[in-house]
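In the two assemblies presented below, chain A is common to both, partnered first by chain B and then by chain C.
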Partner chain A sequence: MNWAKIRLERRDEVTWAWRLFCFLVAILGTLLVTGILISTAGKEPIEAFKELFIGAFVGIDSIVETLVRATPLILTGLAAVVAFRAKIWSIGQEGQLVLGAIAAYWASIVFEGLPRIIVLSGVICLGFVGGALLGVFCGWLKARYRVDEIISTVMFNYAIFYLLTYLLSGPWQPPGDFYVQSAPVIEKALLPNLLQDTRLHGGLFIAIVVAIIVYILIKRTALGYEIRAFGSNPIASSFKGIKPTRMLVVVMLISGGIAGLAGTSELLGVHGRLNTDIAAGAGYTGIIVALIGGLTPLGTVIAAVLFGAMVNGGFMMQVITGVPKSMVFAMQAITLLFFLCSTLMSQYRIKRVTEDV
Partner chain B sequence: MLEQLQIKNLTKRFGTVIANDRVTFDVRRGEIHCLFGENGAGKSTLAECIYGTYRPESGAICFNGELVEFNSPRDAIQLGIGMIHQHFVLVPPLTVLENIIVGTEDAKVLLNTQKAENKFKELCARYELKLNSHAAIWDLSVGEQQWVEILKALYLDVKFLILDEPTAVLTPEESDKLFRILNVMKRQGISIVLITHKLKEVMQSDRVTVMRKGKIVNTVDTKSTTREQLTHMMISSEIAVQGLKKQINSESTVVQIKKLDVRGPRGGYAVKDLNLTLNSHEIVGIAGVAGNGQKELFETLVGIQSPESGEVWLDTEDITHWSPAEILAAGVGHIPQDRYREGLIGQLSIVDNLLLGMHRSPRFAQRGFLDQERVRAFVQEQVDQFEIVAPSIDTVVGNLSGGNAQKVVLARELFQASVVLLANQPTRGLDISIADYVHRQLLEKRKEGYAILLASEELDELIKLSDRIVVMFKGQIAGEFDAENPDLEQIGLLMAGGNL
Partner chain C sequence: MSEFFTETIVISILAAMVRIGAPLILAAIGELIAERAGVINLGVEGMMLMGCFLGFFVTFETGSILAGIGAAMVGAMLMSLIMAFMAITLRLEQFVTGLALNLLASGLTLFWFRSLLKTIGSTQPNIDLLEKAPIPFLSDIPYLGIIVFSHNWLVYLAILSVPICSFFLYKTKYGLELRCLGENPRAIDMKGLSVAKRQYLAVLFGGMMAGLAGAFISVGSSIRFVPEMTAGRGWLAIVIVIAGNWQPKWILVAALVFAFLEAFQMHVQAVGINFPYQILLALPYVVAVIALMHRRARSRAPASLGVAYSRSS
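And now, the complex of A and B:
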């Protein structure tokens, strides 16, 4: 009797050369499928990709714009990395971002009379706190009442957005104004410019610093160790004194705070005032970025820049070739799918097993 | 044809573990046939192969004289084979009737409830079951839920029914009722395979097949065998030489467990009124089939579970409600029953696994930062000392062999513990040389003065290592024996609930 089977077997060793190969295969796949999509829309794929690339990377203005787009994604991506490493499925980066922006704006009003350095530190700290509070609350809800974190964080995303709309059409709307937005943030509270005459702002600096901090946290600290251990096996970890409750609260505090910094950065570096566009999906995109980045800080930064490039280049692509920039959203999704497949490809091999009686 | 089911040379492997080793086995039409053996003997695996959940690596299964190959339980069900698992697969919010017809022809597009209702009434009458077809599952007692599982099988005109440890969750009255139902089924011509480790149930069957470590030991007519013979077949028949253990006088009482009551996962008591002392320089062995409360006892001692009542004392401290971190700090080490689930983090390296529990100790962490150099030096030391075979200390523990993975747990626990060692099935699944290594380590710690609690299903291991042996059955201590000249038959009997 023949029992033939096809099995997926975990690879013993994953060399980085093989990982790189899988990564390149994923990129190739993405370009291929997106190219097909573009041609079925009646446009020239190669032309489109060329303009995408030019728009993203050619010229100082393009590069700056790519980085500006990438900045919030780095931060929301890092927020997701911290939570997901502990297998805490927080989908609340969007809401935490907004609450962070709200808190930072409020801080800018409250600290108005003080010297610049205090104002800047104050708004950044409070931006962190805003996101952190939301994160901790959801973490606590899970620890104490077993409320699923996916549900609580997503629900709060909506709730916080309504809070924002309320604030911007009520207490924080300048009297006599039509638009649903706040008064401009005071000059003192704005993040400093990194490159003269460009949009490159201090938020990128914050993002890079946070990336480094997250790297050190995960690799070198006892807490980072606990996050990794707890995320991989909460049962064995609890046997050895790592309390699930503590993990939930601490991890969500850090994750929420980092997302709050994303909101701070957008408020004080890009928009200069609080409006309903402050997030624009950066929270959710950050999750994709983190996953593509393999849940590592460096990978997240690279993936964020990649996505920033796609969005930025998409404008140029639309202007020159007429391919709508919403194609970029399709590209982002296709990228994620291919990256997930390539992760599977890099870690497993296909084995055919045949045995005779 | 007399044999309804015939299995020849069936082998089922999970990775390197051989769960069923060239099993040859048959069941006659209309008989109640028990599969008897300890946990890990391979009974459930064999049953799942018959039911189609698993596909064996090799071997032949013949049902009603024809060779069969099942891709899934659906194929088995179509031939009239049914299985009732230890964990019921019922949908609590739905009614009895709905649970019975789900997945059947009568619930494909339109619900044929009238036909189902009639059949239900007829089955209940035939098997003397009293059930309200419109009652919701969550409203029923455990025994009643099991009847629903049985009705599910009967509804599909089962001809061959396998029950996996059905009385594990039942009260004595419910167990009796179950056997009455099984006998009615038998009279109707349905063949029944009963998986159990309880002698009382075995003695009610027609034939019994004893399994040990994946192999068939023997198949006998129940009428022509005795409880003692069966026990003998179930437990290891080789008795190890007691060379290594020297008599040591225990100096002091280290752990005292008083009147411990611990609730189990299904609401009943996993541990009831348990009293035990552990002294220094002593190994106390707990004999018993896994699932009789050892896990809950160990979890309570480690701090994961809190007992409902009772006390646990470590020296002069009441540690009954201490957290795992506190108990760890007090010098208690734990080698868990399920090394991959409870002891190791499979996706992390040897370094990370050896560090678990010590990641905040001043030895390795200063102000929250880990001293990687110190950690790695320590890990390398342990790997050398314990001769852990691995490409490097960064190798992921999931890639190590079972024996080496257990060595990682051992190295860590022996290092972290300073007064007490709790070892739950420490050599399960390990080959002889590694098991021997573990034994020598335990005896070494005994000499150093540790109080050691050892739970094992291997009697010869217990005899080799213990000073005293206690038998655990259904959460209580059924008996205590001196390990010098233990009454093996009596121990085996108590392990299988023999005196009940």
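And now, the complex of A and C:
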């Protein structure tokens, strides 16, 4: 057996053409593997991909819907960008999103009698706070008790989901209702539409604004510099006076808050009431989006739109070809796996080791 | 309250604890071996889910539970092969790879569930449960007989895996090598032994155990498959390894504690006590976080856990 008889050697220079080539190989690989999977279900892959594309991009309605699907992914992706840049491996975007939505819904009840502008800003602020609280708590657990953030954030993803189902089958369930969902959010708290007669809502505006803020934060501010320094070497950065505890709390506050906004935007822009589909995996998909976007805000927005397109196109694919839309989620994970390999491939060359080990 | 805690009820809760604990033990022992070899496999949840689906699907198609369990193990091992290739050969971030595998399993099982298992009318496809196999004589022991010795054979296998793993780790040459891998892979390399080969095998073993654990959750305890059926148990297995301080016997204890919480929750829900059961459902996950807070100062975590070995660095 040839165990690990290949070695990776870093390339001295990486040309753009080579990088593009690797990227194309990743896309081809994804399409190939996904195509094989579609065949396992006894369906025609080319046909499925065609409908996926049409459903995602052809016609103004499709494009609008793609953007609606991309909105939460932009936000959860940005949340992951902020955390991962500091090498804090938070995968709690899903739970933070849900807690953000819960907080926003609660705010919409509390602020009911106030003027619209106050209600709207209050609801959005609380949505941020909801997600941020959970983020900070996990950051604090890591700083104070060395609880691994990967584990704690995942555990709270599950715990918060049960909190949501409790609220929706108890306190917030309208009397006499059998569905696990809340009453509709008051009209005043709903996000305004951006384009008449479509589902395009103010959440996209929030997402773009947050993307710009995150860009400025990382690139142009002292805090952004600290985040990057902490991420590349926490020990060295501590000699520069960057305290790990403060970093953990601040980064998780921002990251959690942004994920909370994703929940707020879904609640007030898409669903209009709290239900168990509020997250629908957007937290986890956001992580893929951030990684494929190279942990940059611009890359994340682009990747989020592409992934939103996949989800949206999936509906058309399911209706026309009968391939279940859940295929899209498998496809997204496969994209990530190929993308990881292609990034590595673009930076290294593979060398066969000839000497006897 | 006295009626709530009669003898029969306590025994049935404890028996449920052992049954529910079995997949946790299987997955945690598999993860322990992988982590002792220095590879942190965060894809356990996905591998379990894959095993869970394949176990159900193949049993449904072939009518043979053994074939289902075999398929579950092979499927999860294939996933762990991807994990091993990306983590050991390509030396990619282990956390990201594990996460990608979870998402892959989540999407793929849902996709196959929707496309391969057609609902006939209003009836969901279902299978026969893995039969109980009470151990002769032992199952007649008062209390203990019902609690431990009256389950299906997968449960016994899970319990046996703990002493076997312990023996392997501490009493065999390969166990010593494996422990050394996680602490100081260079030493293994210097002796002229292959680091990659051992790590591959450890990760594949972890995958196999996760597949077995997943199969238990479908064919061993339910007649149906439900999307996301593993519901975080793979993650709990990872917590159990940490809470058990990377030692088989404490892993057994930790697994049983989590299993008890779930058994208790199921009982409360079944009795219909007026208490929001969702809070009890969330309890294991909160307890998991608390369990990690009280980590001893002397952690037995392998020193080079999660760090890919490279000869040149």
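As a working rule, the second predicted complex is superposed on the first by the 332 of 357 C-alpha atoms of A that agree within 3 Å, B and C clash if a C-alpha of one lies under 4 Å from a C-alpha of the other, contacts with A are read in each partner's own complex, and residues count from 1 in each chain.
Please note the rule applied: a contact is a pair of C-beta atoms (placed from the backbone, for glycine too) under 8 Å apart; a residue touches a chain by one contact, two chains touch by 3 or more.
Please read these numbers as outputs of a predicted model, since none were measured by experiment.
One of chain B and chain C touches more residues of chain A, and that partner is C.
Using the contact criterion defined above for the overlaid structures, shared-chain residue A:39 touches neither chain B nor chain C, since it reaches no partner. In the superposition on chain A, A:291 makes contact with chain C only, while chain B stays out of contact range.
By the touch criterion defined above, A:340 reaches chain C but does not reach chain B. Once the two complexes are overlaid on the shared chain, A:170 sits against chain C while remaining clear of chain B. Applying the stated contact rule after C-alpha superposition, one finds that A:193 touches neither chain B nor chain C.
In the overlay built on the shared chain, the residue A:15 is in contact with neither chain B nor chain C.
Across the superposed pair, chain B and chain C both touch chain A at residues 1, 3, 357.
Residues 1, 3, 5, 10, 12, 220-223, 225-226, 228-229, 232-233, 235-241, 243, 355-357 of chain A are the ones touching chain B in the complex.
Contacts from chain B toward chain A in the complex involve residues 9, 55-60, 67, 69, 302, 304, 323-325, 328, 334, 336, 341-348, 352, 355-357, 359-360, 365, 368-370, 372, 398-399. For chain C in complex with chain A, the residues that touch the partner chain are 42, 82, 86, 88-92, 95-97, 99-104, 106-108, 110-116, 194-197, 200, 231-232, 235, 238-239, 242, 276, 278-279, 281-282, 285-286, 288-289, 292-293, 295.
The touching residues of chain A, counted against chain C in their complex, run 1, 3-4, 6, 8, 37, 40-43, 89, 91, 141, 145-148, 150-152, 154-156, 158-159, 162-163, 165-166, 169-170, 281, 284-285, 287-288, 291, 323-324, 326-334, 336-337, 340-341, 344, 357.
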